[in-house]
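Each chain gets a letter, A, B, C and D, in the order it is written, and its residues are counted from 1.
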Amino acid sequence: MTLIKEGDELLLYMDKRRTYKVRVEQDKQFHTHKGFIKLGDLIGKPYGITVTSSLGISFYALKPLIRDRVLKTDRRTQVLYPKDIGYILFQLGIASGSRVVEAGTGSAALTMALAEAVRPEGMIYTYEINEKHQKTARGNIEKSGLMPYVEMKLGDITQGIPEKDVDAVILDMATPWLVVPHAWDSLAGSGVFLSFSPTIEQVMKTVDVLNEHPFIEIETVELMLREITVAHNKTRPKTQMIGHSGYLTTARKVVELLE
Amino acid sequence: MTLIKEGDELLLYMDKRRTYKVRVEQDKQFHTHKGFIKLGDLIGKPYGITVTSSLGISFYALKPLIRDRVLKTDRRTQVLYPKDIGYILFQLGIASGSRVVEAGTGSAALTMALAEAVRPEGMIYTYEINEKHQKTARGNIEKSGLMPYVEMKLGDITQGIPEKDVDAVILDMATPWLVVPHAWDSLAGSGVFLSFSPTIEQVMKTVDVLNEHPFIEIETVELMLREITVAHNKTRPKTQMIGHSGYLTTARKVVELLE
Amino acid sequence: MTLIKEGDELLLYMDKRRTYKVRVEQDKQFHTHKGFIKLGDLIGKPYGITVTSSLGISFYALKPLIRDRVLKTDRRTQVLYPKDIGYILFQLGIASGSRVVEAGTGSAALTMALAEAVRPEGMIYTYEINEKHQKTARGNIEKSGLMPYVEMKLGDITQGIPEKDVDAVILDMATPWLVVPHAWDSLAGSGVFLSFSPTIEQVMKTVDVLNEHPFIEIETVELMLREITVAHNKTRPKTQMIGHSGYLTTARKVVELLE
Amino acid sequence: MTLIKEGDELLLYMDKRRTYKVRVEQDKQFHTHKGFIKLGDLIGKPYGITVTSSLGISFYALKPLIRDRVLKTDRRTQVLYPKDIGYILFQLGIASGSRVVEAGTGSAALTMALAEAVRPEGMIYTYEINEKHQKTARGNIEKSGLMPYVEMKLGDITQGIPEKDVDAVILDMATPWLVVPHAWDSLAGSGVFLSFSPTIEQVMKTVDVLNEHPFIEIETVELMLREITVAHNKTRPKTQMIGHSGYLTTARKVVELLE
């Protein structure tokens, strides 16, 4: 059984809306408006354990998953939802050992999900043009412990991609169509291109350029997620729903026969 | 650059509807109704390369991704779609090193996706009650090369789960509610339970039992995927759509305070 | 051309979020925080005309449609959306001359839509158990001028429906299944039953009772409406969406052969 | 109670997939592969009654609703679904007495729904450029008895609309943007424009032209309808669904201030 040890990051869960990411230290107290928690008391306990604050409120000590990190990530540049990230990871076909180019880094929510998917043997090359965003992203990745699997690059990916023979290129940026030719150069044969775009005009332009290059299986989809309330005599989809985050366009590089 | 070598499995892609999974052998010919292909000629070539059949038809030699395997899997027991599998992998929070219990194995489509996600250091324990299904599943997993990460179990998971301290339990079976108590026992603290069910009655029963055990973050969602046709003056969602595959119910194990 | 005349109700439209329903009187001023409007000046002008407030802000004088009234109706008891009302009217198959039973009246949003559909020769019999709701509803209907086509009934429709041979019965209430036997008695042969219910348990119970009576074409659907932003390089579905209002269950009365 | 009389059109319902529209005549037999029915026997019976064929199969004698006519209409040019028609009727705000311009007539499915909504005092002016379509449409409308409320026009609506001061203009045609200026001329102040278009490019062009004219409340939506199977332990949305029929763009004419 994995036990909580000093230095671990964990998620203190009070209720669905109130969760707190903390690092466990022997003599540290974590203060909430519901009393404080002696973090040292958690050392040696199993994950999932209940801990009571000085005011008698119960918290659960959860092991942070990547989806917790994504949701807790600085959201200023965040538009991707779990429904999209899950689909992206699966469509990219990446796993331990994969080498992936990403742009832009943003808050690194997707970067961390990609790094978790390719560790311990793969690498994410993530491009960001905005230095301030990159700094925020670096902090997020460092806290997650995933930095060994990430190479952060400050620069404009529309100018070219030096990495070659990569397994996948994933774009969440304003002008993905400008990257398509570089993505083809960078990808290994049979590698996967994926672009996430909120507007249909972005999709149209990207698909136009994809069609001009040796890509096959060019497809665009959108995902809708509906939450369901399940309770006796009250079972029903929730009234509010996210109607749109973005379109997901995928393609696969081929190499035309030259004889 | 990874080159095609003898013994590799690859996907011969003619068009979206006609793709063929083949194993490369020096002196083997692959016959289609569009002529035959000398597979030996592909050895030493890069993935993604075009190959021409004896009747002059072009095929692309793609590296099979897990999503290709899922789609190519024997579909007799298959109900999961890529939209669901991507979401499942992300919600489960699994990665290299994770230990996961699955039931039922079915055709092993999800088993392979899980194994790909946890390799090289994790393990999938997959339960199937139907011996014939298990045999089909074994064939699929063996071809994928993922068998080192899978332990196949023939038996009824509603009778108990001997594996303990696992990171996740994922159920795609008729009576998931009967497994909930065993899933709680089997999961490590903070571990994730996920059940995929086509009907709302299954969801209601499963959530009822989840509520009777120390689980938090009990949530049910459904995912809808719409394909978009992108073409000049013809851009629009496709007319036909899959309206429903199943509901996805997740929860997280906690350990109540005992003092 | 229909011109605005004294006594007309009209809709002063400033922008999408700010519209005001007013009655035109010769010497009345309508005050907004953007200045006042002399309503008498509108008499003899065509609908759709621009009118400028004392502070120089433009308003449009629109002719109120039923959908304006529905949206402007007191929303305390309102759960129906235009997407649902349009579908209800079409599925009920009602038109001028139809006789329709409705319960509950609520704020009369649907009542007014029904009355508008059956005028000048039909009649809506609308049941409400809550006297306060009925009073609010009466005010709404009177302002709309549709009272000649509505008979308001204070009482519990689960106790029976005295009207016979009606063309349609439409229910938006907590326990529609208790009304199904009375609806069958009340409907003309071939008449339409429709129930709007937020929860799936309500639907299950209602369909159970429908199945026990001579009804055919028993069907349940749900409608989702997505708004699309259309603007240069910004075309996309809106982020926020109503994910669920209610399920719509329809059926048609038949008379079993008795020989 | 309305009884079936000679000359009535009725719908013989065998099951969901097998319904037949017939005209009642004293000495006519209606032949199906399940035996024949003596239609004269139905005269004087109430609607909804069961009738048994010569082979002992039960049929129900239903009164045809507009939605039955829409579904039974020649579908060669049909793209509108009940979900869209209901929404269109409600958004147009039409009722008895309304005058409406429609193009194209197509098979007249929507024409009949419009006519039913505006009778007994309104009029539908429906434009069709294809003489063969118009002929089919005429047959459909005549059988429905709604011809008194329809004026059929053979011609190209992009060349202008002679009708003035109409309450609504509804377009289901390839190039709605070419009609927008004529629609503005034709509409009464405050009147409603609505266009149904399958592709987003049509929507973009139409909204562009709407924005150049005095229209307000320019809005585009799409409607998705999901059928739900309701049965003990099998309750769930159906697997197959119509993912897209078309976008619905509405606007309302205003008259800019001229002082």
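The rule we apply is simple: a residue touches a chain if its C-beta (ideal position, glycine included) is under 8 Å from a C-beta of that chain, and two chains touch if they have at least 3 such contacts.
Just so it is clear, the model here is predicted, and its values are computed rather than measured.
**Q** Return the chains shared as contacts by chain C and chain D, ordered by label.
**A** Shared contacts of chain C and chain D: no chain.
**Q** With chain centres taken as the means of their Cα atoms, state the distance from chain A to chain B in Å.
**A** Between these chains, centre-to-centre, one finds 20 Å.
**Q** Quick one: chain A and chain C, Cα centre-to-centre, how many Å?
**A** 45
**Q** In whole angstrom, how far does the Cα centroid of chain A sit from the Cα centroid of chain D?
**A** Their C-alpha centroids are separated by 47 Å.
**Q** Name the residues of chain D that each touch 2 or more other chains.
**A** Each of 200, 222, 226-227, 235, 237 in chain D touches at least two other chains.
**Q** Which of the chains touch, listed as pairs?
**A** Chains touch in the following pairs: A-B, A-C, B-D, C-D.
**Q** Provide the residue numbers of chain B that touch chain A in the complex, in ascending order.
**A** So the residues of chain B in touch with chain A come to 1-2, 13, 16, 46-52, 58, 60-63, 65-68, 82-83, 85-91, 93, 95-96, 113, 116-117, 119-121, 165, 188-192, 200, 203-204, 207, 216-217, 219-228, 230, 235, 237, 247, 249, 252-257.
**Q** Applying the document's contact rule, which stretches of chain D touch chain B when the two form their complex?
**A** These residues of chain D touch chain B: 198-202, 222, 226-227, 232-245.
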